[in-house]
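Scrolling down, you'll hit the structures one after another.
After this come two complexes, each holding chain A, first together with chain B and then together with chain C.
And then the complex of A and B:
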């Protein structure tokens, strides 16, 4: 899922600026699961903002709501009545949610309350880790189900580099060396021969490097 | 002969070679490059010109290499995958070749988080093994990575850059058993010579070397063993605690700690290491990494019995 975390409240206050009627919008999907932008967090942020503006002696109307998924137009459309008298929308969705709302209601300014971090999973309570960079050309079949693009700091395809020690990455002893993990997994699977092959040069054109991406499936067209 | 490289000629003749390192300056300091070059001239067969080492901005390895070349050195241009995509890599290789440079060392490169621009975007379009593949393809297949022939137009001659290609190997990084597999991949990709990480732990290096010899890799590539003269035990302690992929024995730290003249002792340790490495079957030379201590290299070369260096008529 998409992992995100809330921005500093001071930054959100600055984005609101002099707007007087504000709607804070939560999203009930990924950012709810990663505890950063669901209905509960939207209510907490709205309360904190109301308090902050009151302390500053500013009259700002802050309301909050939450929708099932900010990245789907059907759900975003349900906001139509809630946004009617608003001057500014604060999205607590990921970057996709912010943009979907901005596209749908393009007469209003939409600002992000979250920083979108990565595609990953909760490793344990309160800790989320990255697992996929959406490179568009999956190689997990050759690496024992561990992604070298997202888990090696250099995205090497023929690692580990010379900076791997005690299973940790050279950049930080808190980070596992992705290629060490791959080595151990393939060894356990009896598939070390995978590592003797040179992994070919990657076509990064399927990644972000090829420009904004689009998936078209004509078989799904109505 | 694959190239016009002096290093290739010497290794081909079976000479035990000596290489050193020249770190380019952190400013537009032409004189420093010339000064470092003049210290090393005549004492080693080739000199690595580092490429923004430890991810700190310096004079480019190709520019500094050209100056060193004009000063009479045989440069080995280091090229990392950190800062260049495949366009820049191939363009720089053509550039280095037309400037007369003939050796190139292919590296992944230290991650930018180590250096003075930790917020930079990194590249790693290729990894070091794929880099060797691309550069070998340019030399031997006379094609770019994309498959196009290296010529200006269909009617023009093919003019390919012919570089003697080196790689690094770190026998002390983990997983230990994988290190020889990785070296084999680098050789398969097209490496002509290898320079190892600096060796302080001789027993572990010998263990690695035995695996290299068992696989017959020493016959497919020229192996140059890395050594580093150290000025003080503190350097060893720092590296032991802070530099990933190093193996530093405690008794060496104690020896340096007990030395009355640490710098002289550091030179002695380095020369002893060179003599011992020279005895190991399959080692074809030494690479002396005197980081920011280039002026000590002539003394080491002489004391270790590596002087005079062979000349080619």
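And then the complex of A and C:
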């Protein structure tokens, strides 16, 4: 899922600026699970903003709502009545949610309340870790299910760099060496021969280097 | 200025709520401006409850949890403590003094301590004056 964290409230206050009618919109999917932008967080942010503006002696009307998914137009459409008479929308979705709302309601300014961090998972309650960089060309079949693109700091494809020590990465001793993990996993699986296969130079055009990406399936068109 | 603060006291029903009840049955009064809100456990307290109290005009919020290692649900009091710490940080960023939210540990038998805590807490909130987030009428 997409992992995001809330911006500092001072930054959100600054983005609201002099707008008088504001709607804070939560998203009930990924950012609910990473505790940054769900219905609960939307209620907290809206309440905190109301208090903050009162303290500053400003009259700002702040309401909150939450929708199932900010990244799908069907759900974004359900905001139609809630956004009436609003001057500014504060999205608590990921960057995709902000943009979907901005595209759908292009007469209104939409600002982000979150910083979108990465694709990952909750390692334990309150800790989220990166697992995928959406490179568009998955090699997990060759690496025992551990991604060298996201788990190796240098995204190397054929073993660790010279900086790997005691299973840790040279950029930070808290970070596991992705290739050490791959080696240990393949060893446990009895598939160390996988490492003998040299992975060719990666086609990065399927990643961000190819510009904005698009997936088309004409068979699904209506 | 003669100021009577509005204070909401969130009380765990397994400790402070009972202590308040015992204090009441002993005809021991405590400041009437303190409104008690009963919680099934202090771990039920959410950040939004405290913020809403300030939105509704509270000048201070007290949270009463069981003593460390005495929570009937094991870690409710620990969770309450963490949420209070989060609220303290948030309030400071908003511009509300963190001292307006106080956290106490208490057992149900400590009714005298409950009275002392609310009386002294009331004086401290009085000293802070009205909440800066209070709507001026």
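Everything below uses one rule, namely that the second predicted complex is superposed on the first by the 222 of 222 C-alpha atoms of A that agree within 3 Å, B and C clash if a C-alpha of one lies under 4 Å from a C-alpha of the other, contacts with A are read in each partner's own complex, and residues count from 1 in each chain.
Just so we're on the same page, a residue touches a chain if its C-beta (ideal position, glycine included) is under 8 Å from a C-beta of that chain, and two chains touch if they have at least 3 such contacts.
No experiment lies behind these values; they were computed from the predicted model shown.
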item	value
Touched partner set for A:21, first chain B, second chain C, both or neither	neither
Which of chain B and chain C A:161 touches, first, second, both or neither	first
Touched partner set for A:204, first chain B, second chain C, both or neither	first
First (chain B), second (chain C), both or neither touched by A:185	neither
Partner chain in contact with A:48 - chain B first, chain C second, else both or neither	second
Contacts of A:69 with chain B and chain C, given as first, second, both or neither	neither
Touching partner for A:142 - first (chain B), second (chain C), both, neither	neither
Contacts of A:56 with chain B and chain C, given as first, second, both or neither	second
Comparison of chain B and chain C by chain A residues contacted	B
Chain A partner contacts - residues on chain B that touch it in the complex	81-82, 86, 108-111, 113-114, 122, 124-130, 133-134, 145, 168-170, 173-175, 178, 181-182, 184-185, 188-189, 197, 244-246
Residues of chain A defined as touching chain C within the complex	8-10, 40, 43-44, 47-48, 50-52, 54-56
Touch list for chain C against partner chain A, complex	46-48, 51-52, 54-55, 90, 93-96, 132-135
Chain B-touching residues of chain A, taken from the complex the two chains share	153-172, 177, 180, 183-184, 192, 195-196, 198-202, 204
